[in-house]
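By letter and in written order, the chains are A, B and C; residue numbering begins at 1 in each of them.
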Amino acid sequence: MKKSKAFWVFSVLALVIYAVVQGLISVGILDLYYQNILVQMCINIMLAVSLHIIIGITGQFSIGHAGFMAVGAYFSAIATMKLGLPLPVGLLIGAGVAALAGLLVGIPTLRLKGDYLAIATLGFAEIIRIIFLNVDYVGGAAGMVITNMTTWTYAFVSVVITILVIANFTNSRHGRAAISIREDEIASDAMGINTTYYKVVAFAIGSLFAGLAGGIFAHNFFIIQPTTFGFLKSFDILIYVVLGGLGSLSGAAIAAIFLTIVSSYLAEYPETRMIIYSLVLIIVMLYRPSGLMGTKEITSLFKFGKKGGSQK
Amino acid sequence: MTGNLLINVENVGIQFGGLKAVQNVNMFLNQGELVGLIGPNGAGKTTTFNMLTGVYQPTFGTITFDGKNLKGLKPYQVTKLGMSRTFQNIRLFKDLSVLDNVKVANHNIAKHSIISSIFRLPSHFSGEAKMEQESIEFLKIFGLDVYKDELAKNLPYGMQRRLEIARALAAKPQLLLLDEPAAGMNPQETHDLMELIAFIRKEFNLTILLIEHDMHLVMGICERIYVLDHGQLIADGTPEEIRNNPKVIEAYLGEEVVD
Amino acid sequence: MEWIQQLVNGISLGSIYALIALGYTMVYGIIKLINFAHGDVFMLGAFIGFYAIARWEIGFFPALIIAMALCAIIGVVIERVAYKRLRNATRIAALITAIGVSLLIENVVIYFRGASPEAYPEVLPETSINILGVNISSISILILAVTIVLMILLQFIVHKTKIGKAMRAVSLDPDAARLMGINVDNTISATFAIGSALAGAAGVIFGVYYTRIEPLMGVLPGLKAFIAAVFGGIGSIPGAMVGGLSLGVVETVVSALGFSLWRDAAAFVILILILILKPSGIFGKNTREKV
């Protein structure tokens, strides 16, 4: 019953955040600049949480997440711009195709382990990007012009859905099966878990929400180009998950929020931003490789205060 | 107490590169038996376990479990057929709680789908409740229920060994394979463990195959014993026969025969 | 005849990949780390060579040697500062640190000198030699000669010297090597030094051959050289050479067939095929996880 309590707390919190932000927008305190930062925050949270289910929960080291974001971005844009479908339908199509791409990539690659899997996912993401680069229907290298349709509401609802689905997956027998793969794949297999199935499922769910984030992203700006979805983007997403703590959903989300704010302040100085990012990444890996939160969730900081202290 | 043939291993062997690690192993277990598998270090005991459980595919021979040929089955499929195991070097899910470790092994007793869990349908709640209840039952048997919210890695060593057995049991095996369950335990802990093994065997109507270095333990509780040396079976029989078998004594020369 | 011309171009490109791949494969062989920053050491080598030739006006060979020496030092510094602490860390932590070091080097270079490209000065007169009706540029011959000399030198170091023997011992079993009295830390540093020097040489050669260098130039060749190393069998020195040359030839052929925009995809397709079909590569050994 603890878990359903967390669910209600989360739902009420989400409603309150939405109401407050919506209120601030309607009285004009949050102008378009801040609204845009909020939308980007939502996109980055979705990307972080969707990679979290692959790396943090299932322990499969993917560094090609931007590829699935690209699939979602392009296919949702094709649906809205070329086929004239409404945005929600476009978002669904983008997410669906991204999940499909996740299956196609995941089935052959997920039997690889560690470094090899990482490199293979990076390779697939690059192939996806190069395909978009070479297809004239979506504008090739010049990119695809898109009407700005994303609103704060779309972005927020998408984030809430993403977090709910991934949290619900995690807190179930399926999530435990996935975590057991991260902890010890051989033991997991020996306990009757179909490890291949759960790795592919987690990968597909992660890709689905990366695709949703891509759809929101594509309709938040006037153009999408293949270069946006290169491995630097994948590394950005990886940084959220790693800094937040491998295995912590709230950690990944907090890191995404924090780094979105930092990078919007440093938008004028991209090198400085990247120097800070990379230094933080190195220092965290050397001195606190489990990231900010480790595998703990923010909720566990509030309840069992006594236990939390002894579990170091 | 003993019944029908449960597992039959015929001429099983495995080759790594050019090296025949294990060859011509023939063994069987009847339902309800407690059988020991012993041998010096590097004799191929764990490799044999790995072949039985599907971690390795044997290069030669056939393994029949409960009437089914295990050829080509993956470990999780073998487990679903009713065989589960512990590991020589404890392989717990370290960052999961004690309760969750057992719940993972209980995975297949509930049937609620991923969709059901994501949308929190009633079948999710009933399935999870069933898993919780059963898992706590297992923990109680092993005296681990007081630790249920601790992380597995924080348990004392002896408790980790117990948790591994509890977890293996939660996978609902007919045949339980224990790989050196008493390794690293003191005599008191070993004694308690022997009693525990005898108890769960009766309680769950188990057949048990036990790898053990501690001769005392093996001789004390096993009904029959197989002896491996250099990848080949060199003897089998009752503890009394094994104790007096010259081949076994020779194989163990230089090692401690009796603890 | 045009095909032979293309083959020569492919081998020139492949030599560069091979030189970078050697560093990847040696480092991976010894500490099981994909040193993502290796491509950036290659970039630094190109810039050091550029400043040496264009600003200090020394010749090609002195510039090559300076670039190799400085890159060797940079490689050792990276290893000592960032990677040494990670020997017992998880593979994920090590890989992420390597990515961090790579991003850091790139952005520090951009921070200090901007992202603009630089045109490499000419080191050889633009002549070509006609061999059996095929025109081979003098630069191609220079590249090949330098690569071959460096590879022979490397083979000599690995197989005939004490440090080479130590490197092979540590890559087989670091703990046993330590017990045998080998200084593992120094051996690992030596491996980084040699690998980085080769990457530095590749950087100078790249600059001379393609005449255009920029701070992010190391990213793609770095990745591709890694692919070459995987293709050849990671950890295997002959594998890195063969893998690098093959990849160079394949890319050149894909371009020559008129698919130049797909050239980069070719490398990644090869990577995925090799990972799925034979992850141990051409010369690699199969390993099995102990249960």
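Methods note: contacts are C-beta pairs under 8 Å (C-beta built on N, C-alpha and C of every residue); 3 or more make two chains touch, one makes a residue touch a chain.
Worth saying up front: this structure is predicted, and the values here are computed from it rather than measured.
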| item | value |
| --- | --- |
| Longest centre-to-centre distance from chain C, chain (CA-based) | B |
| Per-chain Cα centre nearest the global Cα centre, belonging to chain | A |
| Where chain A and chain B are represented by their mean Cα positions, the distance between them in whole Å | 40 |
| Cα-centroid distance, chain B relative to chain C, in whole angstrom | 48 |
| Euclidean distance of C-alpha centroids - chain A vs chain C, Å | 33 |
| Per-residue multi-chain contacts in chain C, two or more chains | 291 |
| Of all residues in chain B, the ones touching two or more other chains | 55, 87 |
| Chain A residues counted as touching two or more neighbouring chains | 186 |
| Contact set on chain B toward chain A in their complex | 53, 55, 74-76, 79-80, 84-85, 87, 91-96, 100, 103-108, 110, 112, 114, 117-120, 124, 127-128, 131, 149-151, 154, 167-168, 170-171 |
| Residue ranges of chain A in contact with chain B within the complex | 4, 7, 165, 168-169, 171-177, 179-180, 183-184, 186-195, 201, 247, 295, 304, 307, 311 |
| Chain A partner contacts - residues on chain C that touch it in the complex | 32, 34, 82, 85-86, 89-97, 99-104, 106-108, 110-111, 223, 226-227, 230, 261-262, 264-265, 268-269, 271-272, 275-276, 279, 289, 291 |
| Residues of chain A touching chain C in the complex | 55, 61, 63, 108-109, 112, 114-116, 118-120, 122-124, 126-127, 130-131, 133-134, 186, 235, 238, 242, 246, 271-272, 274-275, 277-279, 281-282, 285-286, 289 |
